[in-house]
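Scrolling down, you'll hit the structures one after another.
Across the two complexes that follow, chain A remains constant while its partner is chain B and subsequently chain C.
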Partner chain A sequence: MYVAVKGGERAIENAHRLLAHERRGDRDVAEISLAQISGQLSLGVDRVMTEGSLYDRELAALAIKQARGDLIEAIFLVRAFRATLPRFGATEPVDTGTMQVRRRISSTFKDIPGGQVLGPTFDYTHRLLDPQLAEGSAPEAPVAAEPLAAMPRVTDILGRDGLIEASPQTDDGAPVGDLTREPLSFPADRDLRLQNLARADEGFLLALGYSTQRGYGRSHPFAGEIRFGEVEVEFFAEDAGFTVPLGAIAMTECQMVNQFKGSATEAPCFTRGYGLAFGQSERKTMSMALVDRSLRARELSEEIKAPAQDEEFVMSHSDNVQATGFVEHLKLPHYVDFQSELGLLRKLRAEFFEAAASAEPLQEAAE
Partner chain B sequence: MNASAYNFAYLDEQTKRMIRRAILKAIAIPGYQVPFASREMPMPYGWGTGGVQVTAAILGPDDVLKVIDQGSDDTTNAISIRKFFAKTAGVATTTSTEDATVIQTRHRIPEAPLHAGQVLVYQVPIPEPLRFLEPRETETRRMHALGEYGLMHVKLYEDIARFGHIATSYAYPVKVNARYVMDPSPTPKFDNPKMDDCPALQLFGAGREKRIYAIPPHTTVVSLDFEDHPFTRYRFDAPCALCGADDTYLDEIVRDDQGSRMFVCSDTDYCEGRQAAGHRGTESAAPHKERAHG
Partner chain C sequence: MVTETAMQARRKAAMTVLAHSDAAGIAECLGAIAVPAHEHLREPENGLVMVRGRIGGDGAPFNLGEATVSRAAVRLATGEVGFGYTLGRDLEKARMIALCDAMVQSHELADAVEANVLAPLRSSMLASRERQAAQAAATRVDFYTMVRGGG
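On to the complex of A and B.
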């Protein structure tokens, strides 16, 4: 007897109810709060804000809670919400030179004006599981340091002597490229490439950046500077005719200093790779800077032969919301197409065996 | 967050306007893939976001919407999308092909002939018919611009050389209005002839790939083939076991682990309509139960 596979509507409702139940977990254990997620899983929140391209700690924390800790699912929730928000305009470019620095390191100089500031970092911790943390802990108060003055960027120091290429000058009149509002076409300019990389999956960029270090599009990078702290965001209000401060956001910036270029007419100088992300996102910005530099191959007349240098390849596959959707859509029914493949395959196999059967006597005769 | 926080049919009017401009351009150049600034939708990419955006942009309060997946109104993703529009647009929904003004589909074209005034919206995963021959968008756009489709014919020829047939059974490429080679979305090639000279407007939306294309009513749509290897429509060996139709696309239902199978219409609305009109198949006597999954 044929049983129609129906009742999908109720099945969906029941599945969602079960999901909500599983999300809550053991009801004897206190429910996790958004403040806990935002305050204690803050690097996860930073990643969701960065790849969700929406700076809102509370919404990102909500998304993480709703997604049961699946960060790509959380990023998806934030993106879908972001797509519905009205756009008032674009802010003035943030000036990371005036950042209230909480961490700042350079690997290219032993000491730099403003000093090396380790800040809150996993670097130099021994990765030993800490049983004390499992019990709940009251960590010591941090050592009070004097507030840090604004710090010059390492690349600016190099730039004064012309040792590194100048940052491209912004054309204030030009509209800001936005690949969420305009369809992307190739070749893409650097502003759109950087936007794509800022939204890109951290793991994908990490692997691509890593591949350049292992020789697939090598670019001889040095971590010129990595800085993390608060920057002011300002918006030019047309009506008022002046710039209005909107507040401060936490950001991480990475400036890579890469192999130099030069020619008969141009003095040799280092080149740049750039990474910028919300919150403390060091791995992301370093990977982004490596890939940004690789994607400048065309502009710097380098031979394009590695995946990380191929902008169509990188930009078309970097978005984890797109990628996860398409990979996971294989869960949807495909039985109509499968049926036609099945029909074709059966026909081809029937023809194959027919041909084989009629060929056998001939072969025997030949023997 | 509740539904009232969102605009009619979810998308804001600016976005709809942008999509409608893309649709108008697509209609003006049949088969040409128009780039559009696809939005992130609250369902995953690859699950119909392109079709959903096209539907959202064309839907009016008086429209009657039908959503099918694999030909059926009852597949989970069809239900999910239908509920999405019932909630965000409050439009009437139907399972009847005849009564619908807008039909969003994944993988099938309904069996009942479409009529003037209807719009068929296809969900498209990969809009570029040349993509598997040439992965680069910059290249394929150039090939379309120059009408350089030799590569596709070589692929079809190689199929014949290797298998004796064109070994493409779905997403079978077509030429639209004697100009653009177009991917009909992964519908089985059985459905290809229905696209030709169709009185309804056919719109194709690819959300992840950010492309919209169209076949205006009564446009010539030809499946690619060779004179000595003409396009053939797939034929099933058996009629539908429920309604006896011998000219429809059938799903194969595996009934046990002993190799016993039956074939039934993939278009559930069409099949139910025939059964209601008294048509019978070999299995019609069996009680036709509904089963809800918990």
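On to the complex of A and C.
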């Protein structure tokens, strides 16, 4: 039986007013601006853009402010916003090889052409809290006189000698899977898997990537290259009749180089996993590349026995908006469901005690 | 007479500079020239594009995620049609890009747009790129080998 319940409107309205009041915090402290969030909490903004699957720094900053810093709530807000705008089409695929690099490292080759460029990184910091930051600071950026040289991708260098597998190719104009348009079905191709992983929760991918390192679907990875910087984006504009530039997007790319495969007909070569995300999202792209590689188990004829190799398990649980929706819906009213469970439990308990009571005299007799 | 290919390359180069500039900068430069009479062919509007990457950086395309964009189209009284596309939700910026694109195609206006709008915006775009590259270059590792033993 379905029982409609009404009421609580005033409580809800006041709860939202109280939320707005708490969000503002101490009135004697200046209100935080979107420019401050975008500029000074920039890695949080990058994460919201990546998992919200929408590149727009200002919107991501607004979402973080509205969500009081709860990044999954902010991602939820961004996802909901994207449904309000029409889609003009898809861009030309970006060329990460022409990135204006702000950071680029390889853990496989010390002397890569273009060099190791550390950029703004937490690596090699001592992870000691800095009390000076609490006081405010105005640090100056270092500047080098010598410009950066061209930076070919490490995988391109390995590829020239045939030491690494080539990336899979398709014909121009072949359809590209889009999970925002078609529901997921399995088995899923790599384009769909990468789209899913790009939107996936960073913590979930981190744990799965870690699990492969600990032996649950081991793939012997090396961070062939990680690069972060601006990439030009172009779009074929039908009205203009040619491909127009849209500007640049900040992105992080991770090329994982993994243990080789080979066969009677193919010389052994390294295999690869790939990660790509908006902004400076290094942990995300590294985890993504590990999981991309482990999800290729079927294609590479590896035994599928670990969670990170199971595409249905990974892709069905990677989205934190879906996950939080289902977990958090448990706090919405389930009064009627619960009443029927309660009724059933009372009946079962009554039967149990009845049976116990009628069994007791027999037991005594037996003694 | 400019060939169609050369004109398209010129328009794309101008659009690149404009897309990289902020609306306030473009507006300031446009203030220096007499903007010709024009009408909106497409009212400025916001939308999304699906940004694509390539598997492995150089392989088959996949959908990475969307980005906000703005677009507009204008027609000068003299007939030139210009299109404006840019990342972000700044409608006025899209409108100004469309206007500049139309003027770039006009024999009479192209030089003025180049001198007063594109040239200054291009040099500030290049300067900011160079500044960023110089900052990154300062973090490039110079390896040296420790000499062992010695004598």
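Odds and ends about this structure:
In this section, the second predicted complex is superposed on the first by the 349 of 367 C-alpha atoms of A that agree within 3 Å, B and C clash if a C-alpha of one lies under 4 Å from a C-alpha of the other, contacts with A are read in each partner's own complex, and residues count from 1 in each chain.
Quick note on the criterion: contacts are C-beta pairs under 8 Å (C-beta built on N, C-alpha and C of every residue); 3 or more make two chains touch, one makes a residue touch a chain.
None of the values given here were measured: they were computed from a predicted structure.
After overlaying the two complexes on the shared chain, residue contacts for A:F326 are found with chain B alone; chain C is out of touch.
When both complexes are overlaid on chain A, the residue A:A198 reaches chain C alone and has no touch with chain B. After overlaying the two complexes on the shared chain, residue contacts for A:R82 are found with chain B and with chain C alike. In the superposed model, C is the one of chain B and chain C that contacts more residues of chain A. Once the two complexes are laid over each other on the shared chain, residue contacts for A:R127 go to neither chain B nor chain C. By the touch criterion defined above, A:R160 reaches neither chain B nor chain C. In the superposition on chain A, A:L344 contacts chain B only, with no contact to chain C.
Of the two partner chains placed around the shared chain by superposition, chain B is the only one that A:P187 touches, whereas chain C remains out of contact. Of the two partner chains placed by superposition, only chain B is touched by A:N14; chain C is not. Chain A residues in contact with chain B (one complex) as well as with chain C (other complex) are 82, 86, 180. Every residue of chain B that touches chain A in the complex is listed here, in rising order: 1, 6, 10, 12, 35-42, 44-47, 49, 69-71, 74-80, 83, 106-108, 125, 135-138, 163-165, 167, 169-171, 186-190, 208, 210, 234, 236, 241-242, 249-253, 255, 262, 264, 266, 283, 286-294. Put simply, chain A touches chain C in their complex at residues 49-50, 53-56, 58-59, 82, 85-97, 100-103, 110-111, 115-120, 141-148, 153, 155-156, 166-170, 174, 176-180, 190-192, 194-195, 198-199, 229, 232-233, 235, 237, 239-240, 242-249, 251, 253, 255, 272, 274, 276-278. Of all the residues in chain A, the ones that touch chain B in their complex are 1-12, 14, 76, 79-84, 86, 180-187, 312, 316, 321-322, 324-329, 332-337, 339-344, 347-348, 351.
Residues 8, 11-12, 15-16, 19-20, 42, 46-69, 71, 73, 83, 85-89, 129-141, 143 of chain C are the ones that touch chain A when the two sit in their complex.
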